[in-house]
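Letters are used for the chains, namely A, B, C, D and E, taken in the order the chains are written, and counting of residues starts over at 1 for each.
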Amino acid sequence: GTGSGSSKDESGPVQLLVFGAPEELAAYRTLTEAYEKARPGTDVQLVEASDRKDLLARLATSVAGGAPPDLFLMNYRFYGQFAAKNVVEPLDERIAGSDAIDPADYYPVAMDAFTWGGKQLCLPQNVSSLAVYYNRTLFTKYGVPEPKAGWTWNDMVGTAIAMTRDSRGVVVKGTESEGAAARPAVHGLGIEPSIIRVAPFVWSAGGEIVDNPDKPTRLTLDTPVAREALKNLVDLRQAYGVVPTDEEVEAEDDESRFANGRLAMLMSSRRSTTTFRSITDFEWDVAPLPVYQKQVGVLHSDAYCMTRGGKRKDAAWRFLEFAISEEGQRIIAATGRTVPSHIGVSQSPAFLGPSQPPRSAKVFLDTIPTVRALPTVSTWPEIEDVTAGILENALYRGDKLDDVIRDLDQQTRPLFARGEHG
Amino acid sequence: MGGRASGPPPLPGAAGRVWRTLGAAFVVLVFVPPLLLLVSGSLTEPGLPPSPTPHLVPDPVSTAGYRQALEIGGLLRASLNSVLVAVVAVPLSVLVAALAGFALARLAPRTTATVVAASLVALMVPATALLVPRFAIFRALGLTDTLVPLIAPALLGTSPLYVLVYYLAFRALPRDLYDACLVEDLSPMRIWWRVALPLVRPVTAALTALTFVLTWSNFLDPLIYVYDRDLFTLPLALRSLSVLDPTNFPVFLAGAVLATAPALLVFVLAQRRFLHHDDPTGRDRP
Amino acid sequence: MSEPGLTLDGVSAAYRGATVLHEVDLSVARGELLVVLGPSGAGKSTVLRVVAGLEPATAGRVRIAGRDVTSDRPGLRNVSMVFQSYALFPHLTVAENIAFGLEVRDTPRAVARERARTAAETVGCAALLDRRPGQLSGGERQRVALARALVREPDVFLLDEPLSNLDLALRVEMRAELRALHDRLGATMVHVTHDQTEALVLADRIAVLRDGRVEQVGTPDEIWRAPASTFVARFVGSPAMNLLPADGPVRPAGEAPPGVPAEGLQIGFRPEAVAIDRAEGAAATVDRVEVVGEDAYAYLSLAAGQPVVARVPAARRPERGAAVQVGVRWADTHVFHADSGLRYAP
Amino acid sequence: MSEPGLTLDGVSAAYRGATVLHEVDLSVARGELLVVLGPSGAGKSTVLRVVAGLEPATAGRVRIAGRDVTSDRPGLRNVSMVFQSYALFPHLTVAENIAFGLEVRDTPRAVARERARTAAETVGCAALLDRRPGQLSGGERQRVALARALVREPDVFLLDEPLSNLDLALRVEMRAELRALHDRLGATMVHVTHDQTEALVLADRIAVLRDGRVEQVGTPDEIWRAPASTFVARFVGSPAMNLLPADGPVRPAGEAPPGVPAEGLQIGFRPEAVAIDRAEGAAATVDRVEVVGEDAYAYLSLAAGQPVVARVPAARRPERGAAVQVGVRWADTHVFHADSGLRYAP
Amino acid sequence: MLAPYLVGLVGLVLLPAAVTLALAFTEYDLVNAPSWVGLDNLVALVDDPVFRVSLTNSLVFALVAVPLRLLLALGLALLLHRRAFGVGTARAAAVLPTAVPEIAYGLLWLWLFNPLYGPINQLLRVGGENGLTALGRTPPQWLTDPTDARAAIILMSVFTMGETFVVLLAARRALPRDVYEMAALEDATGWDVFRRVTLPLMAPVLALLAVRDAIASLHFSFVPAYVVTDGGPPPYATTYLSLFIYRTGFEYLRYGYAAAATLVMILLTVAAVVVQWRLVRRYRGFYGL
């Protein structure tokens, strides 16, 4: 029993826990194969989960059961709870001793997101930000000017209003659409009511979403600036009706709606690119986020983390080195799904190559310097879930803004209180 | 009541039959269409923007979904694993359940009461409460990342419910039959095999089918205990297809159809063979 | 008594605390055929079940072929049994049912089947070998149950009303078969029946059970000629024996036993012993006449109202309402204590 | 015949294609009690099941109280039935079992229970009202089944061997109860039995079934005195009627019917008709003697080997091996065609 | 004969469950060693609004869904236990939803419930105008209105009663036939036969299934809520105990706290079961055993 189990563990392959759709997983498989080929004798086992929840369940049970995978890939918004619990092995010494990796080669914002208590815990493999995907063909058809860098929130609202049309192409106001009135055939904008979508605009307007980004204790959406940004967001649905109703969203999610040519603009991360590349009916592109005062983006980034309880740390590190190195980054970049965290690779044709849409892929890179990370609190996942519900009701049901802001604060306070910070 | 036939009485009832047929038709009408949507969805061409309305007859009809499901999802390999698990786990599970149910029916009332109570308690435990401790047990036994943990629930008869169902079925057999066996000096094992089991054949058929379905669609266990992609079972493979982007929905649906078909087939076979073939006494007429 | 085949020593048995057998003593010699008679609910089946080991004896000992089997499990007792409810296996064909006991004892299949066929022929159901019990008539099922018991050669056969569902002709035939089999095998048999003819014809000895107690054990002749109590006297024989106060209306002819008549005694005489055409005797009127083939039973009332039954040849039966004389002889008369019901021994 | 209570017109029935009733014609007058007799497997239960509507008639019509019920469902036929297998509800107590038929007909609960109690008393199982069937002896179960049928007042009672598991004393009593009930209610009853005494005593008329065909219908007297065939002759009466070639070893005394003896004819005479102590008669030896109470049956072999049975008083029974003379009279003799078995009418 | 089962029962369920329940009294995050906190978790649960909502949701779900499932399964079993044309097909059809893998099943319902394009609402809109039903009402907002969403989850779970159906079917077919003939002779109405014969004879199995369903209802709600509504519409319309426990334990890594919730859930089911088990008791000694 036990003996054979543990001995098997130490000699076996390096286990890497990842999640993603089959194509994404295929990309990781390419990566591990390339590694095994480049370093004969090595063995990396990809442990595949299909989504974040599955990955969490696997990770949690295996850690608790005493047999964690050696490496796992995780978003910075969620790694906090593992970091706080000492599951993750700090990498500073190994980075220092490595000649394949120079921290300076990577976008600092991403590197910073994965430092906890002053230590580099994980190494980011990608950096992304929100962008506005738009349907160029539709803009051309209705003669509305396309979004361009530096446009403001009000510009966006105006554009969205102009693009909200009924089936005859007449501009309509989506708020009348309840009940008997005709529904817009095309909506101006798709946006998800969540704290990560709200954050960049609050920042852009000069506000903060938490009282202390390093050691947050509460949400600060009650400041006038933040409140204004939030109100503007809610107005998209409640005042202008440019975003689909919740019923419509349930009926057809924004990504599909965009792909079907019935959404003029969609605020989303790099992730949607792969899906949209299958669009043949129209031409689309990306634009940076609109601004209030200054251009600010919000960070999306995943990193490789090494578990403290892993049995093959050296071998794991060697693979990590490879994956993060230029060579590994190129392989991943080729899939198009992510923006590489390696500055060099991200600016190379491997990523910017014009053969595939979006033409303005550079938008993703251009925003990186303006990108800010969300606070790293170990209870962040809970905070996101709680706020999502409240924001959803604010956007779609038009809950009173004061109540919304109060609820957001009250319900997240205990979570912040319970959370640990890096 | 040794010769007491069981099963439905052959009451003359052409009218009854018509009603039952109508009822059956209604059941089919309610239950089947949603699944036709599933099938038609799976026959849609993948890679197209998702249509908001499901069409009953896809245009164009395409089997590309199936091809891709097999390729991307590794469904072939996964099916093989699933079959492997089912082939071992289902008979084992039915065996365990039937034996345990029989033992319960024949043991002293006090023992029976204890085990029945324990089984009920076991039924109450949510699966999520078991994941972590079970993982620790399997790891201690060096069995993680093998198919064994997926087969292990067979030891439990897959669900204590099935043991209890067997228990009730065996208990309902006329006592004289057991007595007749005792007089012939049959060991409990042989009473079980020669007399008791054949007499509860509909129960066995039903539970076999259910065990198969349950084993076949077991998702949580492989998710936790299996790492190696080569050991993935069908639900796990299907799960990975479910996160495909919306344009590839037909691929996922194709996978779902492929995963459903065997379970359905097993049920149809089971009900043909045993449930339909009226009672073992052969008393029934067509 | 010769070598014992089966002995019950003070055996009691109970269902859920209600005692249904009270210290039953019985001894069946090897090769003897004992018939157990008794009213419904007397505990006849329970006796068999205790012998077979299907119910525990709450007191007493059971011995089979000299061996104390009281605490042996049923299978070790080497008995074979016909259940009152047949207990046929519904899922097995007739042939399989009959061969069951052999096959589970690892008799080669062919041999078992052959012997099953022979047994089926004995009970006349060879044509049904491939049917299932559900496809048989009541009598056919019973014959299969009988065949299943007969196919083996156990130490004791326990037959619980094995012929009750058979028509008379078949029953007579089966009865003869049973007797022949018994004689051939020298088997020890305990046979429960409520058919007196069967009991009287078949039995080496008869045990009469009443409310879980043995009322009398004896040869058919003893039971018939010297019933130990009014219960036995009335239970055996049909219509039942007439019972009247010894100093009552009917005064038998001939010489009375010493001490009789006296108060507190009863006399009993069977319908067959009653003459209604003689001149002497007690006056009675005919209430009702039942004709059974060549015989007729006349139900009479004595002047004082007591009922008396008489068997008369059907050809010479009296009319309903006719006035007749009831005459019996002391030789045909039994005397009992009126209170205890026990036989009076002068 | 008066008003018909139940009529079967050319009724056939089959199990899985095997015909077991062949165009059965039967007519039971309202208030008549018909006993169906026949060997095991003859189709007696099937007749009842067809009347009750539990098996479809493949041909012919069934009428109850003048109404054609052939295609009515069982519940509409207003019959009550005792099943050969009792068919007691295992989950109901005895009281609930008996009251079932009343309660589903919306008889007030109290009334139903009261009538159930009365019915239970009739069959002598009032003490068992709170037990479940599993806790009863075989005879007790049968009585409950009987009580359940008797508690209602249907157009037709169908009783499938309702007394087969009762002891003789109880059976005689039940038989009388049944008859009394029948007379009181004027109920139409079809009663299956294999007990001839029961048949002869109880029946208004008897129908003898053989292999799914009606062999003879008649009053008990007709069946006994003028059996329509050797089958009926031998089936009714125990031991069975002796059959010998008309021109054979035994030559009855008195005057022979016209045309007899002749080749191709058989004579039959019951054991009761045989005299073995007269001087004239055919020589025979005694093979075996059975004593049944006051009677004894002597099994004889004629010189030519044919068996003959004679009933003699037990007190004067011959010894085994004794040489006797077999004598009968033409008056007690029946004549049949040897090939068809049918009664010879001169 | 009982041995393998006992090994499974103890080794795979009772022991692990005991461990988990013991953890209910600790602070445990699945990663670091648990630390004893006594009843703190339970006390915290009482104050946790999300837990309270999930508890209520679960109870309401059980109260509605369990009887519905049982009734439907029993109705189908009684309808389909005898032969007739089409019955075999109907049996298979009734089990179909149970045979579809849960993930696919959830997605299928997402389609069916689609508020605008879903077949259910399209059907409801037949005869109506402007997206209203024939009665002039808006069709149910399956996925966005809290009440409708709860109804949707119940509907989904009702359709997966295949297991119950199959067990009942087998149980019905094992009942003795002659007592039904007897009942037919007495012209017992269908209702009487059902109430006085079928129901009591099937009572042990029914009671067992009711117990099982009551217990499992806390589980069946999991996949639909997880896949279809994700606990929403907000804030917690379809957040059931199972989902609450899963999230707290595995997503938020508060295993001890989740274990405490599990403990509450088990205590509740024990209470429910004790009540129901009396039913079975009443019918003990059924077949004279």
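Things to note:
The criterion applied here is as follows: contacts are C-beta pairs under 8 Å (C-beta built on N, C-alpha and C of every residue); 3 or more make two chains touch, one makes a residue touch a chain.
Quick caveat, the model's predicted, so the values are computed rather than measured.
The innermost chain, defined by the distance from its C-alpha mean to the mean of all protein C-alpha atoms, is B.
With centres defined by CA atoms alone, the chain at the far end from subunit D is A.
When C-beta pairs in contact are tallied for every pair of chains, the largest tally goes to B-E. We define each chain's centre as the mean of its Cα atoms; on that basis subunit B and subunit D are separated by 54 Å. Between subunit A and subunit D, the centres computed from C-alpha atoms are 92 Å apart. Centres computed as Cα averages put subunit A at a distance of 40 Å from subunit B.
Distance from the subunit C centre to the subunit E centre is 59 Å, each centre being the mean of its Cα atoms.
In subunit C, the residues touching two or more other chains are 85, 135-136. Looking at subunit E, one finds that residues 30, 114, 116-117, 176, 178, 181, 184, 249-250, 255, 286-289 touch two or more other chains. Each of residues 57, 60-61, 64, 251-252 in subunit A touches at least two other chains.
Looking at the complex, you find that subunit C touches subunit B at residues 49, 52-54, 73-77, 79-81, 83, 85-92, 100-101, 104-105, 132-136, 141, 145.
Across the interface of their complex, subunit E is touched by residues 1, 4-9, 11, 16-18, 20-21, 23-25, 27-28, 31-35, 37-38, 41, 52-54, 96-97, 99-100, 102-104, 107, 115, 118-130, 132-134, 137, 152-157, 160-161, 163-165, 168-169, 171-175, 188-189, 192, 200, 202-203, 205-207, 209-210, 213, 217, 219, 234-235, 238-239, 242, 252-253, 255-256, 259-260, 263-264, 267-268, 271-272, 275-276, 278-279, 283-284, 286 of subunit B.
Considering their complex, residues 1-2, 4-5, 8, 15, 20-23, 25-26, 45-51, 54, 57-58, 60-62, 64-67, 69, 251-253, 255-256, 259-261, 274-275, 278-279, 281 of subunit A touch subunit B.
Across the complex, subunit A meets subunit E through its residues 53, 56-57, 60-61, 63-64, 81-82, 85-87, 179-180, 246-248, 250-252, 379, 381-382, 385, 388-390, 392-393, 396.
Touching subunit A in their complex are the following residues of subunit E: 29-32, 114-118, 130-132, 138, 141-144, 232-236, 247, 249-253, 255.
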